[in-house]
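In what comes next, chain A is part of two complexes: it sits with chain B in the first one and with chain C in the second one.
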Partner chain A sequence: MIEIMSASALATVQDLGRCDALRWGVGTAGAMDPLALAAGNILLGNDAGAAAIEVPVFPFQVRFTQDGVFALTGADCAARLDDAPLLPWWAGQARAGQVLSLGLPRGGAWAASRAYLCLAGGVDVPQVLGSRSTQLRGAFGGFEGRALRQGDVLRAAVSGSPAARPTGFGLVPPALALPLQRDGVPAMRVLPAAEYSHYTEASRAAFWAAEWKITAQSDRYGYRLAGPVLEARTTVEMRSHGIVPGVIQVPSGGQPIVQMRDAQPSGGYPKLGTVIEADLWRLGQAPIGSRVRFIETTWEQATAALDETDAWLAEARRLVELARHQRARS
Partner chain B sequence: MRFDSIQQLSAWLADTDIAVLELSGPGVSLRLHQGDALGTIEAQGAAPPATPVRPQGLTVRAPSVGVFLAAHPLHSSPLASPGARLRAGEPIGLMQVGALLLPVHAPQDAIVRAVRAAPGTPVGFGTPLFELDPL
Partner chain C sequence: MTSEQPAVSLLGTSALLFEAPGHAMALQTQQRIWSLARVAATWPEVREAVPGMNNLMLSFARAPRAIDALRDRLCDAWEAVTPLPLEGRVVELPVVYGGDGGPHLADVVSHTGLSIDDIVEIHSAPIYPVYALGSHPGYCYLGGMNPRIATPRRKTPVLSIPGGAVSIGGAQTGVSASAGPSGWNTIGRTSMHFFDPASNPPALLQPGDALRFRVEKVIR
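Presenting the complex of A and B:
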């Protein structure tokens, strides 16, 4: 069991998302960096989709109220267990009373903005509509349908002696194993969407060529980007229609909005493109104020990219299982 | 170690160009020579003392095969530079095996005398990585 010590809001319980509920108008929610969530779970021998705590605001502190194992992935936050520094993307164990502290994310080799704290078996919250993710808009799922507060006590789904779950190893972050940059700037691959052809040739070229700044009006609902003004050749007016995380809408001001994990499931703005599923974690980790670029891609490349991340996860699980097996014997 | 595993290892060894195979684990060490009729197996009655008497220093060896890293891949500063004071059990280097990172621990309180392996290079099991001066 852990107790939240930080007053800072916005940390939420997330899993890989409520992906089968869009037909009822329920957004997906889920981890902004599903790869970090899955990697943290793999480090503990959990299902890749077990629920964890997503931390977007630092510093963040939890106290272990009993012995337990944990894994920390995502942003490198100079974490400490009491006074002992912890390596990033690492599985460790804590004794009752110890305090896990996450500091401000460090830049270093990978500038990221969200950390994931995984527990043995996942964070034990009820499944709602097939997921344990916090649906903030509907105020259900996760921990009481809301962001975590100071004093909240969360349970690991699997309790018992930490000795049963070997720890003390880590993973190389996939940002280093699967890097994607354009001219030194983090990049995401984008599929042109239905209204792409409505934009002027100059605007389409600018979309691919520009660096886009992630503005302060960016959160789990959507990222508002700042860059060149994108102009449609004709005014595009549409009825609301289904949208998914990754869809890039362009409201009349000409500054794009990328729908993120807490996006509502429908919208009426014209769609210029869609950040591919395999690259959404890269955008989900891009800090406010940082710049990103977009690379045009195809359906085949988009599915191949998803295969690549799946292969990374499968290899990570295989190697972690070997390490766990070895440690359990010695 | 079971005797049939030694026979299996010998059989595997015979099919390779490897001259010597050395295995050591808690309480036992095994040495097999290619072409020799003699293999040796040493059972140590008790675990070796935690602080071996080595006035000239303490060698920390690679706990597994892998790529030796002096720093975490996200960081630029090494975990243990020469002159650094170490506490027993703290990670002083990493072994990278694909996506996996395994720690190399300080066996006891010590000061780093030298880093013996070049960071970023593949090393074998038992390759000397650090020389430490025990405290």
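Presenting the complex of A and C:
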């Protein structure tokens, strides 16, 4: 069990998302960086669907109220267990009473903004409509349907001796293994969407050429971007339709909003394109105030990118399996 | 997007959007969308078939290689399906129009040129069929609004409107199921629990059910 010691809000319990309740108006929620969550679960030998704590605001501290294993992935935030520094993307163990502290994320080669704290077997909260992710609007799922607060106590789904789960190994983050940049700026691939052709040629060109700043009005619901004003040739009052995280909507002001994991599952603003599923984690990790670029892609390239992500996860599983055997022998 | 032919477009690699031809949000078209959703929901690559307003989103279990084949299959199925005349229950909601609960009623007045009484009368006259659920848990997209009171979505969304807010966005009307941001014009207030995650199904209403607004009070 762990106890949340930080007053900083906005940390939530997330898994890979609630993907089968769209027809009731329920969005997916889920980890902003599903790859980091998956890697943390691999490090602990958890099921792929196990839930973890997503931490977007630092510093963040938890106290282990009993011995346990954990993995930290996502942003490299100079984590410490009591006074001992921890490596990023690493599985470790804590004794009862020890305090795990996450500091401000480091910049550098893979600046990121969210950390994932995974526990043995995942964070033990009930599944609601097929997922443990926190659904803020409607207040269900996750931990009591809300962000975590100081004093909350969360249980790992698997308790018992940490010895049963070897730790002391890590993974190279995908930001290093699968980098994607344009002119030194983090980039995401985008598939054009239905209203792409409604925009002027100059606006379309500007969309691909510009560096887009992630404004302070960006959160788990959506990233509001600042850059050149995108002008539509025609304005259409749209009929409401399903949308997914990654969809880039352009309200009449001409500044795009990328729908993120807590976005509603339907909308009516014109859609320029969609950040592909395989790259959404990159955007989910891009810090507020940073700049990103968009790269036009095709269906074939976009599905190949999914295969690449799967291959990275498979390799991570293999490496962790290997490390676990070595630990067991030594 | 509207044209003579249905339009099929990509939502990244996560989903595909099918839009029925035509401008009007006709009930018969929606009944074909419901039929198409039933058919497509059985296809192996489809995770969920999610009706919208005269459109259908198919989310993928896994992005299929042959997207063109799926596109063709969807368009063929559209030609083949017959309208599915779902008919469920009618839920009546008492509404207080205007006042604090309807802060944008004045915007509908100025856009349409109609009086408050006309707007209330026109809005409360029909039985509104539930076309689809979306936006937020339990929220119903309704058909059947009289186009005379259509009012464009707001230029800037309102940060939070309360649950029970009755609003108009473009040619549509609806009732918010919980507090949250909205780009629609709120004209009145009612109260109803539309969603309970512990119930099966979790939503109070489903496509084919209907809502009727009863005028409880008009604050001018």
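We take it that the second predicted complex is superposed on the first by the 330 of 330 C-alpha atoms of A that agree within 3 Å, B and C clash if a C-alpha of one lies under 4 Å from a C-alpha of the other, contacts with A are read in each partner's own complex, and residues count from 1 in each chain.
The working rule: a contact is a pair of C-beta atoms (placed from the backbone, for glycine too) under 8 Å apart; a residue touches a chain by one contact, two chains touch by 3 or more.
Quantities reported herein were computed from a predicted structural model and do not represent experimental measurements.
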item: Residue contacts on chain A - larger count, chain B or chain C; value: C
item: First (chain B), second (chain C), both or neither touched by A:Val244; value: second
item: Chain B versus chain C as contact partner of A:Val320, first or second or both or neither; value: first
item: First (chain B), second (chain C), both or neither touched by A:Glu195; value: second
item: Partner chain(s) touched by A:Phe169 [first = chain B, second = chain C, both, neither]; value: first
item: Partner chain in contact with A:Leu100 - chain B first, chain C second, else both or neither; value: neither
item: First, second, both or neither for A:Ala302, with chain B first and chain C second; value: second
item: Which of chain B and chain C A:Leu87 touches, first, second, both or neither; value: first
item: Shared chain A surface residues [contacts with chain B and with chain C]; value: none
item: Chain B partner contacts - residues on chain A that touch it in the complex; value: 76, 84, 87-90, 106, 108-110, 168-174, 176-177, 312, 315-316, 319-320, 322-323, 330
item: Residues on chain C engaged by chain A in the complex (per definition of touch); value: 1-2, 7, 9-15, 17, 19, 25, 47-57, 59, 63, 65, 67, 132-139, 141, 152-153, 155-157, 169-172, 177-180, 183, 195, 197, 201-203
item: Complex contacts: residues of chain B adjacent to chain A; value: 26, 72-76, 90-91, 94, 96-103
item: Footprint of chain C on chain A - complex, ascending; value: 19-27, 128-129, 135, 137-141, 191-195, 236-247, 251-253, 264-266, 268-269, 271, 274-278, 299, 302-303, 306
